[in-house]
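Two complexes come next, and they have one chain in common, subunit A, joined by subunit B in the first and subunit C in the second.
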Partner chain A sequence: MIRRIPRVVRAGLVAGIVSVYLCLVGVVGSLVTDVVGRITVGRVVLSIPAILAGLVVARPRVVSGELRRSSVWAGVSSGAIVGLTTGALLAVFIGVVNLLGIETIRNVFIAVKPDLMSLLTFGHAGVVGSVLRIVAEVALGAVGGAIGATPDRIRVPTVIAATVVISLGLLRRIVHPALAQLGLRDDWLFSVVTLGLTWFGAVAVFVVAFVTTFAWRANSAAIVARTHRTPATERGVRLIVLAAIGGGLIALPFLVGSIFSQILGTVGIYVLLGLGLNIVVGYAGLLDLGYVAFFAVGAYTTAVLTGGSRVTTTGYAPPSFSLHLSFFVAIPIVVVVAALVGLLIGAPVLRLRGDYLAIVTLGFGEIARVLFSSDWLKGAFGGTQGMTAIPAAPIGNLNFRDTQHFYFLVLAFCLIALYISWRLADSRVGRAWNAMREDEQVAEAVGVSTVRYKLLAFAMGGAIGSLGGALFAVQVGALNNASFMLLVSITALAVVILGGMGSIPGVIVGALVLIGIPGVFSEFEQYRLLLYGAVLMAIMILRPQGLIPNIRRSQELEEEDVAQDKWAEAVTSDEHAASAASPLGEGAG
Partner chain B sequence: MAEGTDLQAPPGPATARLGRLQRLPLRRLIQIVLAILIIGFVVLGTYKTLTLPPDERYDPSTWKAFVISGVAQGGIYALIALGYTLVYGVLRMINFAHGEVFMMGCFASFFFADAYANSGLLNRHPFYALAIIFAIAMLTSCLIAMLLERVAYRPLRNSPRLVPLITAIGASLFLQNTAFGFFGPQTQAYPVPDVLGGDRTWTILGITMQRIQVVVIVTAILAVIGLTLFISRTRTGRSIRAVAEDREIASLMGIDVDRTIMITFALGGLLAGIAGVQFGLTFGQVSPYIGFTPGIAAFTASVLGGIGSIGGAALGGLLLGLLQAVGPPLLFTGFNIPAPFQLQDVITFSVLVLVLIFRPGGILGSGEAEKV
Partner chain C sequence: MNLLEVRGVSKHFGGLYALSGLDVEVEEGEILSIIGPNGAGKSTVFNVITGLYTPDDGNVVFRGESIVGLTPNQITRLGIARTFQTVHLFPNMTVLENAMVGQHCRSRTTIFGAVFLTPSMRREERSIREHAERALGFFGRRLAGYRQDQPAFSLSYANRRRLEMARALATEPTLLLLDEPTAGMNPRETLELRDHIVRMRDELGLTILLIEHDMRVVKGVSDRVVACDYGQKIAEGSYEEVANDEHVIEAYLGTKAAG
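Our next item is the complex of A and B:
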């Protein structure tokens, strides 16, 4: 039934549903920061589904084995039909709201406010507003179609330049101080009134970004070929790159200021969690959903060992057991404790596999949180009130409390964890984990002690994760059970999944994308979790190997793909056609 | 631990047996130690609680109230657990987002219940109002479950098993935060008609129960009977069983596998919708976060009873409800642990872990033999 609807209309319907969803969930109405001129983030977000749907429809595609390109006019017209469908759905939405009254709808959907409606209808009541919305969506769809139909060398720079403009429009609070430090004026770029880009600034940035990307793409092949000419130059280039990265990492906190440094600190903590979880999930193939247990163990152990106080109704009190060790003396103990907890968690679940293991470890994570915050252990860990006044980590005069200094502490720990992960990957242990992950029975048959290596994976992963917890305790200085929800486990998992299971660079990219980007664009903070959910689904459906796949891991998935394709071919061929339009929904959400 | 020696040994039945002999003790040992510890803890806790001085002891009527509320809670778990069990039976997949399907049903029905309460209809015609409220919840949950299947799970039908699970976690987070954005973060009071109000009781077979508990238990029993009949008697039920048995063969026999799986999700959604209203009426509140804990508890219940078995889900729900209601006061009070009900989730998860360690097939399941 659905398959009979033309592809273009179907794409428009998906875009329309996504648009209405974005309105209802609050993204469109509540993001009121101006990006360019008077265009708010909400408006930008609302325009994305139609543009994207138009772009997807107009892109070259393979029809029965042959690549079919559409001309720009064909692209524009099919994009316009997409936009028309999207606009029609939005008009229906506007109509329904007008019919029932905003107040009635608002009893259920709290995001439906007069502001949202005037944004949708450009401030015009009745039919005029709906017509304007349809016209706008047609225009957006046509723009998307035009972009989609143009050749790669124009399309890619256009998309990149547009992304740069929108991002920059949201970054005044970071760019402005940096430019001011250098003594540069930016009132041509950012409007003093709206704090977003001025139209002149937007156009200028777009042109610069477009030209740069265009030129780079035109010449990149030549540049890369030149640098790869001999092994010696290649080595030289690699050294230069490494030096640049090193210098960049050291200079970074001073360049970006203290707000940004704090975000980087948090990114670093999630890099640690991701690296630890990567050992368990990526290397050993044990899906652990209770990873927050190690984070909590690390944080609470650090708090107790370095002399944090627990919060009581009357003020602060020392916990029933407390030492006043320096952070750096406490860390080895924390690591050992976490490794032991890893063994404790690992031992009972040795027999479990796959999804059962996931649920049981999730249970352990929740048990850890409940125990740490229970009245029963209140004497030791402060109950639901938690602990506070956790001392900083001093070396001489440095106490690493300042976000810019804290960054270096995190960086040091991350480098250590990175080195360990990297060395483990291809070591005897790492290969044993690989073997175990790919086939437990075969691994056992060739002499890999699965008991030993599973326990080792839990202990190692736990130890690295506890470092993240310890740093978190120092960074925040106070702990309570709200910091140790299941969400931490899921975020860490999302970091590993997005980057690619078993891939070390993947963890870094994953943490930067999932922690760094929401941190920098703080407008979206409210919708961070929604985004995580969408990312997890979209990655699994569209690119299960992750952004930067681990080579061996992606081979495995490919083999499965081949087997899967064979099966799929055998069943039906039109099933693929039906599912082709659906992924759009998750991507834009 | 010492199978390093197996490396050089030639393969054969003798080494296989030897390998097992060498390997088993550690796992067995862990199991045995664990079993002794837990039995010891349970026996000691129960003994200490029951021999508390009379003024600190719970009196028999309190225990009775614990048991009844446990049974009612178990009814809700059973209905959600059926959704897990149906999907697991057919797809071998844990639908982690099922708790959110339940939450969405509860939310959708809340708005109607609220409107009826404001217009007075809820108290004038409680029966009709409740019928509509149940219908709305069932419809919503059913639609969400079907949408979930179509958008998130169908593209992954033949992926490695962890892939759909991770997707399901994503879907769970997505649905929870969708509800957060749609309906707001605050906890809202779910209106309860006066006839089912907190202090109104019915006495059945000499046991006095709150009316709402009776409603929950009766609807749960009816739903389980209805589902059993549907699965065992109807043509669609038969195709569900066939797909659960072997998807490829079923499709060769002319069964529309996609449609059957969709119906399975729809059935799970319908039951979750019923559970949603029951939850709202029992606890009198609704928020975007109510899906998680009952969801996990219901999953535990389905594992406890034997995942893939309908009777198992019902039994598991009942048992888990009882364990949650009676367990904390019985086990923890004797040790002078303050606020024992805080540790309810510890009991849930311990049950889950223990079942999976000692009897992964659950109470009614015997390994892989029984499915749906």
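Our next item is the complex of A and C:
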């Protein structure tokens, strides 16, 4: 039945439902930071569904094998219909609220406030407000349709530039100190009053971003071709890029200031968790939902070994077993302990696969958290109060509780873990894991000891994950069971899935998207889980293999087509010659 | 001395006897075919020999020692390789990687070697690659060239079968078990494969145990043939002897009218 509704109206309905939903959960009404001029985050968010739906509807699409483009006018008109539908739904929403009264609705949806309604109706009561909203949505849909109908070379830079402007409008807290550090003024860019972009700044940024993207897209092929002209230039360019990335990584914490360095530190911790889990899930194909166990083991072992105190009712007390090792002496021990725990968790689940393995490991994760916070082990780990005063792994003047210094500690650990993951992927061990993931029984029959390699995967994954836990202990200096909830396992798994199972760059991107972006755009902090859900659903529908899938080819594919054609030619001509000469054909009948 | 002896092996699943007291001897250097109607227990013998099933009774002796109770990977290491009745590859790994996994049991690099790039690891990685390429090269240009870097799922059906055999060859076996290798192949590919099977024995010195339904292949390659029905051996000898044995004809065509 849904299929019979025209596509354009369907898109409008989806946009309308999303808009009403965003209003109900409070994203629209409660986010009042200004992005550009007096336009708040809430307004921007509210305008996105209609624009996006208009854009999608007007975009070139394949109809029965043919790429069909809409003219700009067709795009605008279909976008307008989308907007009309969206606006109609919002008008219904406004009408229902007016009919029942805001107070009644607020009993259930606390985000529905007078502020929200006046935002929706532009401050006009009654029918006028609804009509204004519909007109606004029609305009937004038409804008989306117009963008969608323009050719790629205009549309893509437009969307990118708009994204840049909106992001920058939310990032004064990071951009302002960075520019100040460089001695640059930014009062032309950011309004001192609203702390968002000025209109002049927004237009300037849009133009710069648009021109840059446009020029890059037009010339990138030529630039890439020039750098690849000889092996020497290619190597040179690669060196320059590597040096730039390296320099950027080193300069980053000083540019962005201490708050954002902390976010980077947390991203790094999740990169470690992701890399470790990637070995277990991505390489070896063992679905582990209790990965938080290793995070907890790493954190608590570090706390005990480096001399943290447990929290008691009367103050602090040393745990029953306590050493005052340097963090860097403790780390190898932590890794070994985590690897042993990996064996311990791995041994009983050797015979389990898939769903069953997931459920049992889920249980192990909870067991770990409950054990560490239990009264039984209170003497060692402080029970529910947990541990505190964990030393910050000082070396000389460097104190890693300082977020900017901590960043470098995390960076170093991440580089080591990245190197290990990378080496393992392309080795005899990695191949054995991959074979096991593809088909356990066959891997065994081909000569891979699945028992040994499963245990190895748990131990290795646990060891890398425990580094994340150890760094977490240093970062926050205090632990309790609230830090080791199931959510950590889920987030780490989401990082791996979002990036693409088994893909190392995928883990980095996954951690940046799921940890970094919500951290940077802290306006959305309370909607973090909502966004996780939305992002994961979108990924599973649009790109189930992950953002950076672990398959070698993409650009190589084209070269391969050429190679394949040549090969086919050679083989067929050979085969003709061979079948003419040999008597092989005679028995075939 | 016999390379492999299956001595009185029984295997039942619930009340169903897949094998009941089966005896098969395989001499070194021969090609022995096992034939029999569907459900005769042919694939079960393979699963017992390779350790996927533990026999309920009887013994499997390889080079004079019992291999009952060993895990499949240990048996592969001893030198018994197999292919499956339905093709089982590692579909998302490349063709070359599939063959390289075959070399797993002949190499020893650990996590330590892989991470620290030890010279012995590099040497071994090179040798794994060479062995795998040689195994793929056995099938001429079918699995060579650009195909080596393509994922195994992109191969044609016949090439998947060949790759499965190449992977088995890469384990450097002395005894190769082929479970219906020509199933699903066209007549021309079947003939090509028939030559390959003979070459595996003549050039690589393998002993081959073959389950096959295509009688032209059985006739063309077998030194000896064993016929099974209901988990028991019903005839043994040259192809002609077995093909003309009345038990065999009965097993395939049914009994003559009762009376």
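Miscellaneous remarks
Keep this in mind: the second predicted complex is superposed on the first by the 551 of 589 C-alpha atoms of A that agree within 3 Å, B and C clash if a C-alpha of one lies under 4 Å from a C-alpha of the other, contacts with A are read in each partner's own complex, and residues count from 1 in each chain.
Throughout what follows, a contact is a pair of C-beta atoms (placed from the backbone, for glycine too) under 8 Å apart; a residue touches a chain by one contact, two chains touch by 3 or more.
It should be emphasised that the depicted structure is a prediction, and the values quoted were computed from it without experimental measurement.
In the overlay built on the shared chain, the residue A:L493 is in contact with subunit B alone; subunit C does not reach it. By the touch criterion stated above, A:V203 is placed in contact with neither subunit B nor subunit C. The larger set of touched subunit A residues comes from B, when the choice is between subunit B and subunit C. In the superposition on chain A, A:V237 contacts neither subunit B nor subunit C. Once chain A of one complex is fitted onto chain A of the other, the partner contacts of A:S449 extend to both subunit B and subunit C. Of the two partner chains placed by superposition, A:L323 touches none, neither subunit B nor subunit C. Across the superposed pair, subunit B and subunit C both touch subunit A at residues 444-447, 449, 451, 560, 564, 567, 571, 585, 589.
Touching subunit A in their complex are the following residues of subunit B: 1, 3-4, 6-7, 11, 19, 23, 26-27, 30-31, 34, 93-94, 111, 114, 150-152, 154-156, 158-167, 169-178, 180-184, 251, 292, 296, 299, 303, 332, 337-339, 342-343, 345-346, 348-350, 352-353, 356-357, 360.
For subunit C in complex with subunit A, the residues that touch the partner chain are 50, 52, 71-73, 76-77, 81-82, 84, 88-94, 97, 100-102, 104-105, 107, 109-111, 113-115, 117, 121, 124-125, 128, 141, 145-146, 149-151, 167-168, 171, 187-188, 191-192, 216. Remark: subunit A residues 21, 24-27, 107-111, 287, 289, 347-352, 354-356, 358-360, 362-364, 366-367, 370-371, 374-376, 378, 444-447, 449, 451-452, 486, 490, 493-494, 497, 527, 529-530, 532-537, 540-541, 544, 557, 560, 564, 567-568, 571, 579, 582-583, 585-586, 589 touch subunit B in the complex. Residue ranges of subunit A in contact with subunit C, taken from their complex: 419-420, 423-424, 427-432, 434-435, 438-439, 441-451, 456, 460, 551-552, 560, 563-564, 567, 571, 584-585, 587-589.
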